[in-house]
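Labels A, B, C and D are assigned to the chains in the order they are written; within every chain, residues are numbered from 1.
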Amino acid sequence: MEHYFDVLSVLILLSSFVLVSNKRIHAYIKTFRLQSALIALTAGVMGFEDVVNDGNYDVLVVCAIIIALKVILIPRLLHRTYGNIEYRVEKDFFFNIPILVIICCGLVVFSYFSVSNIGALSGLHINLQVVNSFSVVLIGFFFMISRKKALGQIIGYLVIENGIFVTAMFSTQGMPFIVDVGIFIDLITAVLIMGIMVIRINDQFESIDVNKLKNLKG
Amino acid sequence: MNWFVPDHLFYGSIMIYLAAAIAAVIFYRRHQLCTLFAQAGCVLAAILGAVFSLGILFSESEALLLEPFRSAIPFLSVVIAIDALSAFFMLVLSVLVCCVSVYSIGYVSHYHGKRNVGAFHVLYIAFILSMIFVFTAGNAVFFFMAWELMAVISYFLVVFESEQEGNERAGLIYIVMTHIGAAFLMIAFMIMFSYTGSFDIFGNSDTIPAAAKNLMFVFFLIGFGVKAGVVPVHIWLPYAHPAAPSNVSALMSGIMIKTAIYGLVRFVLCYLDIQHSWWGVAILCIGIISAVLGVAYALMEHNIKRLLAFHSVENIGIILIGLGISFVAFSGGRELLGGVALAASLFHTFNHTLFKGGLFLGAGSIQYAAHTKDIEKLGGLIKRMPVTSVLVLCFSLAISAIVPFNGFVSEWLTYQSLFSIIVPGQTGLNILSVLSIAALAMSGALAAACFVKLFGISFLGKARSEAALHAPEVPAPMNAGMGVLAALCLAIGLFPMLFLQVIDKVVSDVSGTSVTGELQGGFLIASYPVTAYGNSITPVVILVASAVIILAAAAVIRLVGGKAAERKYGTWDCGFEELTPRMQYSATGFTKPLRIVLRILYRPGRSLEVEEGDSAYFPVSRKYNVWTEPVFEKYVYDPLLNAVKKFSLRIKLSVQTGSTHAYLVYIFIAVLALMLYNRLA
Amino acid sequence: MGLILWITPGIAVLLSRIVNNTKGLHAISVCASFVLLLTAGFATNRVILYDTLAYKLFGEAFFIDALSIIVLDIIILIGFLVAVYSVGYLNEECRHEKISQKKIKFYYSMMYVFMLSMIFAVTVKNIGIMWVAIEATTLASAFLVGFSNDKRALEAAWKYVIICSVGIATALVGIIFLHLASIDVVSSSNALQWDLLFDRAENLNSPVLRLSFIFILIGFGTKAGLAPMHTWLPDAHSQAPSPISALLSGVLLNSAMYAVLRILAIVNRNLGDSSFTGRLMIAFGLLSICAAAVFILTQRDYKRLLAYSSIEHMGIIALAFGLFTPLSIFAGLFHMINHSFTKSMLFLASGNLLQKYGTREISGIRGLLKTLPVSGTAFLLGLFAISGTPPFSIFASEVNVFLSLFYEKHYVLGGVFILLLAFIFGGIAVTLFRIFYGEPARGAAIGCGEINRPGAAVLAALLVIILATGLWMPDLLKGLITSAQMIMIGGLSI
Amino acid sequence: MISVAYFIVQTVVILLAAPLVNGIIKKIKALSQKRKGAPVTQLYFDLFKLFKKGMVVSDTASWIFRAAPYVVFATSLAAALLVPVTTMIPSQWHAGDLILMVYLLALGRFFMMLAGLDTASAFGGMGSSREAMISSLIEPSILVSLITVGLIAKSTDLYRIMEHMKGVDAPLIHPVYLTAFLALLIIIIAETARIPVDDPSTHLELTMVHEAMLLEYSGRSLALMELGASIKQLVFITLAVNIFIPNDQFILITGAAAVFLSLVIYLIKVILIAAVIAVAEICTVKLRLFSVPNLAALSFILSFVGFMQYFVLGR
């Protein structure tokens, strides 16, 4: 059962690498959907295992919520927001792609370096999974910094949330149920609010390039 | 003296002050009544305060400890402790407040109907109360609170007439500098707390190690130096004092600066008790520089109150010279000389309060009558304001330390202490002492020149402006207030021994050695000579001798020359037509020789704008302007402030750039840095 | 009885959605906050008597002890004052046709969602749920920051949401590691319960705990406005409507700092001494004060200046708690209370200023004491108070912070700290003191006299509170703060 | 009893000797210019004439203008009383010491400067302003030189200094006393408006300082002013003479005759110094006003070097 999780954690890490190397906003959303599906799968496997061992359905319910929210609802919402923003192809990021990927690798090495010596995680497999999922968080963070578009920043935020959820799943077999539910509620409201704001920004600033938002200086 | 119950008197005077403040609030609408009640209350309370402090001084009782209010906030309790030193400064304060309040009854009338008189009186009384608590605070935190309160209230008084340009900026410089000075005091108090675990000013400081004591001394010196207005940090003084209303600037210049002297004596001499002689030498050097530079800059000023403010810097310099000598003597174990020097500096503190307070009140009377502070527009006031001119003459003589007045006696004592500290062998100190003798002499002469300019240009000769020509004599209470001060100056000048008894009580309480033995003079025979180390002066005898000479000369002349035939005629005008006021010497002209002699100090600049007429030889108008550079501001403070502002602007725009990416990068770096730290630590 | 704290804001939100006329909306808001005030009073004396207040419902989620009651009381008291102030403020905005009646409805509903989330954050035992509540405060106040709907407000709102959400996400990582550290000590059913964690703090896994503290400090530090993560604070607080920025500055920062305190107590108890956490907190605190000192000197917008002074005071609180001695915690809590009152008074006064002069630029304002007598004096005295001049309460708490620093023999740190505070006073004086004097620039356009009557009353009340707590501290308050300090670390402060 | 005698002898000697000094100086200058010159007692005749003449007072003048002459005369004479003329009779008054004497003269100068300004004429103002400059530059060197001598004698009382100086044989050999003496000479020239600093005889407005302040005076007040100025000159000369060349070593007998003998020796020494001053006036021309500070600096350096000799180098 453990090597299932190793494979899944590596796949999730790879999906975040794919995300970083995307150019278009459509591609972001698709990769995000893929990553969420993988996470749902892990949750499903873990939930199934819990049901078999001690019969509580919490994790399965959480897996269902993930599927509903992150795989179906949020990507459609992002598509709709992106839909009514007029389409202008712009270079969306600061550096070119090879440099971005190299930096992400650097981040993975760094997270391994700083997290690996923690005693509790010394069990090899948990350690590996936690390092992978933690580096997804760092990559999500870096993705947010490197993207110029507002939507890119929303996707970055969502990837950070994904990374955090996966770290929780791998290290502690999931947070208490109420907390998970609360996190998801927060997540969906956050995305809703950011969506509305992106639309408003588009009306006021005629573009969703975050560099235009610079007149509050000093 | 069993009727003398100290704490009733103390609480009594505080209560009367508060009553006066409440009266000012009640009669908020009717300005006449409000002024009368408030100031009368202050006079009464001041008299009570004076009686109280004299009682404490002469009752040989241990320090009076009162604790009216203990607050639950840790270490924040109101402790009032009055020993001889606090009583002396309370006496000085009460005398000045009494005279200034009598003066204010007349002076504040020019605010009636125009400004918020009620608020003025409340602030005035709060200012006095905060100073009383500074002198009587027993616990360092309460001292600091009273200190800051005094600064804030005097800031409000300085900006009271904020519509005059320059007052606002003056208030700003004042409050910022005093606040930063107070920060140094706070650090010193905290070091005191960290070693002794208590804030009690009367506690012993043996547990504090030597290095901490040196550090505390430096912080005390900076903190109290800023408030005293010693040279490097004096720039707020010539702005703040002229901006305040005259009766308030009399209080500020008269007594607020002395809180710094009280602080130095209390914390450095009594609490830390002098460890090294370099403490005294440092104060001596600051005193010399302040004395000379203070009077040098005063010479070039033509605004009366700025001139007087610079003179406060000079007199603080003289007080610090006395204090420096006493610290050096105490650290060298020469108790007697230390006592005499301390007596000299305290005596000069009291004298300066009297004549500087009087001079500022005089400046207030001139402004009240001639509505201007600029000497160049005055002239011939002696004919319109005879009484004020006599009083201002007395104060001018007193401040230039000239014989019959009190300024001379305290400067004479400072000379004697300087004289007796010079012993063959200590080369460095000898040179410093001779330089301070030279500095004292020069500042005395320059002060005399400066006050000849002030009195001569504004009171004598012809009136240079319409306002000066029709200046009415000021109302009676104003002259009464100044009169009392002038009388005190003369009395102390002629009978110094009377007052030295009081100071001796303070010195013996502070330094443990009685100085009267050395200063010789019975209590009753007030006219007994003041002798220090065998040299003695008896001002009374000199005055009597010169009076006898004058009478004899007049009699002989009367005998030889017959009746004095006097003919009134115009001043010698070389045959031209009538002399106009513009032909007189102006204040700028009067100080021109000294400006050229000391030009490296003033770096004078001049400009001549000529408005061309139809031909080059007949210009329509010439405008000649001469100015001296405020050296300290131009080369020290302004560059510093601009550098700080440029730095802050650059940092602000580089950190708060407005781009969300930059902000996210900061957080990202913070996360990575801390993870690295955790991994390595 | 305590649950009323949760129910009343909810009802207020619902009612404000239904009622349509402005008078009704104002009435609802004031009554709701008054009810909250009463329940807070009840809760406080329950805590003083039995030092915790918990209920069995919702799996004992509801929990108040001495530490949380202090922050709760601040939230509710200032919430009440802001509600009273908003009445006058919104009427004035309506008179200027800046906002329509619908906007007032939106304003009140959002405000009470914001209040609900803050109360929720403070009255909950489970740290996970506390995180959810704090994230909810960000989302609730996002639209309040963007309320005036112009370009600058929208930009401020966007930055506020993005940076705070990212910050809070890092805090979530911290909480996950905290959960990981306590995985074998606390059963998974009641994981992340604060009191259980605190009791069994010794045998938690300390390397994981240190890692979790780092993330929590950065996460909640962003929300509390500590130095490198403070960048959203000046924009959000200056663009938000003044009553909201009073709430944001006075109260929200405290609840974020409250979360840090909770976990700081656990970590320090686990690690034995406070050197690890102390060094970090003091570093962040000092960095915030330096940043504020540098930025204040050349500010051109007075609300941004007040926001920077909030960063400075949060730095002081972080420094006080970083020291983690009984005296320093007492000082930190006392400073938190004083700062909330003084800062909210300043922001409310700046609200009146903004409405009267219509501009945020300092250069555009002259003769404030003449045009707005009450809020002018409140603003001036507030500025003196915020920079720590004696008669006011901030001075009392700052003295205690100095004491704790010097008592631990940190001379250089204490000296630099005192000089920085004096430098900040200089900065405030140089930039802001010119607005009080002289004649108003556009003479006739700005009439004299207070526009917002209830606002002026609120300002006067706050001024009295600040002055009173400066000299005299009621024993009730002292008892409360000492018991809160005893929770975090044993031993008497004095 | 002694003190009353001292008071009378001192006043009489001072009043008689003071005008004499001016006469002598003028006589020597005239002889050097190969002309007969006015008789030595010319100043006595002038004073006597002026006392009888009426006064012309400007209408802008106030009471200060009338009081100044008496104050100047009284302060000069009072200062003269403090200075030991006949070293034989010690004064028991403890009335004052050298610092009091210097500040008494300062009082006189203060009133003279005010009188200059009182008549609203440009000359008076110019005189006062220049007097202010010269006096404030010269004051430090007066005090430093006198206090250095006082320090060696361990007292600032002029009589005690006199007692001490008697013990020192040929003081002008020692560097300390020599420098102090030279500094005092320069002070005499500067304080009493002699040629290099200020020309007493001319009324040319560019040059006069002391005369400018007296310009408006006439009749008895002018007489008093002149007398006061000459007494001040005698005070400084007596200081220079009696401190640095005490005349008591030669007198062996005591009693009234001794006093008379010491007075005669004192007059001889005064004439000697007057001659020195006259020679100085003959040889030098009036300095430009703004090179007077160099002279004052020279005098201060001399007194400072003198102090350094004794107190720092320990000679």
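Just so it is clear, contacts are C-beta pairs under 8 Å (C-beta built on N, C-alpha and C of every residue); 3 or more make two chains touch, one makes a residue touch a chain.
Note that this is a predicted model, so its numbers are computed, not measured.
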Seminar exercise, completed: Quick note, more Cb pairs in contact for B-D or A-B? It is B-D
Exercise. What chain sits nearest the middle when you go by CA atom centres?
Worked result: B
Exercise. Roughly how many whole angstrom separate the Cα centroids of chain B and chain D?
Worked result: 36
Exercise. When the centre of a chain is set as the mean of its C-alpha atoms, what distance in Å lies between chain A and chain B?
Worked result: 70
Seminar exercise, completed: Distance in whole angstrom between the CA centres of chain A and chain D is 101
For this session: Round to the nearest whole Å and give the separation of the Cα centres of chain C and chain D.
Result: 79
For this session: For chain A, write out the residues touching at least two other chains, lowest number first.
Result: 117, 141, 144, 153, 210, 213, 215-216, 218
Exercise. Which positions in chain B touch two or more other chains at once?
Worked result: 652, 656, 660, 664, 671, 675, 678
Seminar exercise, completed: So the complete set of touching chain pairs is A-B, A-C, B-C, B-D
Exercise. Which part of chain D faces chain B closely enough to touch in the complex?
Worked result: 48, 51-62, 64, 70, 73-75, 77-78, 81, 93-97, 99-100, 102-104, 106-107, 109-110, 113-114, 116-126, 128-130, 132-133, 135-137, 139-140, 142-144, 147-148, 150-151, 154-157, 160, 215-216, 219-220, 223-224, 289-290, 293, 300, 304, 307-308, 310-312, 314
For this session: Give every residue of chain C touching chain B within the complex, in rising order.
Result: 158-159, 162-163, 166-167, 170, 210-211, 214-215, 217-218, 222, 228-229, 231-232, 234, 276, 280, 291, 294-295, 297-298, 327, 330, 334, 384, 387, 389-391, 395-396, 399-400, 402-403, 405-407, 409, 411, 414-415, 418-419, 421-423, 425-427, 429-430, 433-434, 436-439, 471-475, 478, 493-494
Exercise. Any idea which chain A residues touch chain B in the complex?
Worked result: 110, 113-114, 117, 138, 141-142, 144-145, 148, 153, 210-211, 213-218
Seminar exercise, completed: Note: in the complex, chain B contacts chain C through residues 71-76, 141, 144-145, 148-149, 152, 159, 162-163, 167-168, 171-172, 175-176, 179-180, 182-183, 186-187, 190-191, 193-194, 644-645, 647-649, 651-652, 655-656, 660, 662-664, 666-667, 669-671, 674-675, 677-678, 681
Exercise. Given the complex with chain A, which residues does chain B contribute to the contact?
Worked result: 652-653, 656-661, 664-665, 668, 671-672, 675-676, 678-679
